[in-house]
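What follows is a set of structures for review.
Same chain, two partners: chain A is paired with chain B first, then with chain C.
Right after this comes the complex of A and B.
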């Protein structure tokens, strides 16, 4: 178990991180998800020992200060070195003997499927190949903690999915602890079962992907995760009033914003929580037997995802909440 | 996207200039150096001016001296400039920032200004000598060591360093700032010490810029006339001064020989630059992928 113990970072008058407390399980993949400028890279730099926090510590299970090896967003392969020299750089500076160095390089290149690239220079490699070399350069060090900064943002869609699977495989094979930061929630959800949401230098929520989507802890998290309707209204006790819906709600904060995620919250099957009657303006096919429905209620528009062919355009339907809706 | 016609039109002034001025002058020099100079009734083509020059011990001695001298001055300028560039690379430091600005000044000044400034400063009746005499460190002007027109060509070396060290600094600092700390951070994260990072990462990445600066400095030093003429020692002549002295003697029958010396100097300078570039490709940092 790794512990981030009250880590804060301040540069000049700017507070980048505010008292980050986290625990990260060993032999797991942990995602830090947040918008640009939220302090993700700063936090990762602290875990890599590149930056020193103004306050707090990053400790391992034994209470020792820990330092991870980083795979950078732009890979940062040394441009003047061949793939072999890039991969063995960390062993070379530790003065590992030549035969061991060659054997470890051979093994890791085979694992990464890059043996044929041994004499190439970084500018002769594709994005995916560069990422494999960057991973090999880190993994050859028999590390425990691997840090990845926006690891898949430079790759195209097909390659991204291939690399996601490959990283999972590597994690299992080497029993690594991987901490990676991203601003793509799908990436975070596909790779990790535990995701921390970092917004404005603060950890807002740490949860499994499903929990994050169904139960965001505050409006900032809900807005960041997106894919939801945010309906403004007024609130007294647990009664919400708005042009779209008026009735009982579960109040999380008192800002008076009704949170209706596109999927999972609205349905046509009757429940004990009637929502509203609405006219179907438009249907858009979303793939996987799913349609995004545009519903008009009293000149307001609400979106929700339903199974294909559940509704017809220009018809009015009664909608229900699957559970008591949340107001932030 | 520029059309082919537009491109030709835009490039034509440069091409015309090169064709008429540079290549015609080069062709004229080449033909003259082969002994074809009809003005003086010399019309037979021959290589003997070249073979004579390459068998002339005086010429070879001067050539070798000039080469060693240009090599030493350019090497020193690159060494000192590289060390200072690493000190000046941080542009957020309140101390290095003004020093870097100051270091850029000599790049803009002509060589002749620096020659005259050095004469004012370092001649036996110059400012430094007067100051040392006044404060009693030396007894008289005559006790001040001969730094200009001396046997070791110290005046010329100082002029070149004064001008070329800032040139190296400016060239390298721009590259270093572009590189910022990206690769240093990676090396550090992979466990390298500061010294290992310098030798294995920073210096090789800087090598192409150092080699370019070295070639420019060497070519200038090897072919420079005015600085050795004003600050050099008469008994230790440099090649450009030797060639120019022959030229101004006004003996036109010597012109083919002078042109052959001139071309030997030029071709050697280009060939040496080519050799340095070729060697640099095989040094660490020879392949940088355009960074």
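Right after this comes the complex of A and C.
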């Protein structure tokens, strides 16, 4: 278990991180998800020992200060070195003997499927190949903690999914603890089953992806995760009033914003929580047998994802909540 | 198309004449025995004169040695000061950065006679006038703006991102400097070394003033010959001067171009 113990970072008058407390299980993949400028890279730099926090510590299970090896967003392969020299850089500076160095390089290059690139320079490699070399350069050090900064953001869609699976496979094979930061929630959900949401330098929520989507802890998290309707209204004693819905709600904070995620909250099957009657304006096919429905209620529009062919356009339907809706 | 080619050729030709003509005149002066006005070409040419002069003239050899010693010392001292300064200016934000940026260029802005007179005063105060270190420091002062600018322009290309990577992979600061910073900054370093070497070689006033006559370099010895009209000897010094400047520069260039990967 790794512990982030009250980590704060301040540069000049700007507070970048505010007392971050987290525990990260060993041999797992942990995602830190947040919008641009939320302090994700700063936090990762602290875990890598690149930046020193103004307050707090990053400790391992034995209570010692820990430092992870980083795979950077732009890979940062040394441009004046071949793939072989890049990969063996960490061993070379530790004065590892030549035969061991060569053997370990051979093994890791085989694992990463980059043996044929041994004499190439970084500018002769594709984005995917560069990432594999960057991973090899870190993994050759027999590390325990691997840090990845926006690892897949510069890869195209197909390669991104391939690399996601590959990183998962590496994590299992080398029994690594991987901490990675991203602003793509699908990336975080696909790679990790524990995600921390970092907004404005604060950890807002740490949860499994499904829990995050269904139960965001505050409006900032809900708005960041997106894919939801935010309906403004007034609130008194768990009774919400708005043009779209008026009735009982579960109050989390008292800002008076009704949170209706596109999927999972609205349905046509009757429940004990009637929502509203609405006219179907438009249907858009979303793939995987899903349609995004645009519903008009009293000149306001609400979106929701339903199974294909559940509704027809220009017809009015009664909608229900699957559970008591939340108001922030 | 053809007229464009001719124009291009003419520009090249003009450039060649402007650059090569003075060199040609110096070369001819060095090998001519008699070349008086209004003759277009020398009447008598002695191809061996230059080499005989170079081998037998003790003053010339002493000047050559003196120039090279000072140039090497200046290059070393300049790089020792310029490298950390350029790194600080390109990698870090700190209070007084703008002021330091201006201070770096001061030796180029303030008239050199003013700088050197004051420097001489300081050198006398600390007993450094006439010493090797004193003269090298005077040369270094004029090399620093060029060296810092050339190193800075190259370092700013990548900032410290590869150094950070190297440190994260376990390298010490020294290992990082020699394995990452210098190889990536080879072109900037080449420029800084070359410029410092040339500036030191051509320093006349600084060498005379701070050196107290202890260092009679090529440029110091050449100057009176030119003013007194002894063009032949001045030309021999001129050619030697060019050779000891151009040969090391060529060697450094070959080393930078052929060793390792060509980088920005």
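Methods note: the second predicted complex is superposed on the first by the 328 of 328 C-alpha atoms of A that agree within 3 Å, B and C clash if a C-alpha of one lies under 4 Å from a C-alpha of the other, contacts with A are read in each partner's own complex, and residues count from 1 in each chain.
To be clear about the criterion, a residue touches a chain if its C-beta (ideal position, glycine included) is under 8 Å from a C-beta of that chain, and two chains touch if they have at least 3 such contacts.
Please read these numbers as outputs of a predicted model, since none were measured by experiment.
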{"item": "Simultaneous placement of chain C and chain B on chain A, clash or fit", "value": "clash"}
{"item": "Touched partner set for A:49, first chain B, second chain C, both or neither", "value": "both"}
{"item": "Chain B versus chain C as contact partner of A:80, first or second or both or neither", "value": "both"}
{"item": "Chain B versus chain C as contact partner of A:70, first or second or both or neither", "value": "both"}
{"item": "Which superposed partner A:121 touches (first chain B, second chain C, both, neither)", "value": "both"}
{"item": "Which superposed partner A:137 touches (first chain B, second chain C, both, neither)", "value": "both"}
{"item": "Touching both chain B and chain C, residues of chain A", "value": "48-50, 67, 69-70, 72, 76, 78-80, 89-90, 93-94, 121, 137-138, 141"}
{"item": "Complex contact set, residues of chain C against chain A", "value": "161-162, 164-172, 175, 179-180, 183-184, 260-261, 263"}
{"item": "List of chain A residues in touch with chain C within their complex", "value": "48-50, 67, 69-70, 72, 74, 76, 78-80, 89-90, 93-94, 121, 137-138, 141"}
{"item": "Interface residues, chain B side, partner chain A - complex", "value": "182-183, 185-193, 196, 200-201, 204-205, 207, 284-291"}
{"item": "Chain A residues touching chain B - in the complex, by the definition given at the top", "value": "48-50, 67, 69-70, 72, 76, 78-80, 89-90, 92-94, 121-124, 137-138, 141"}
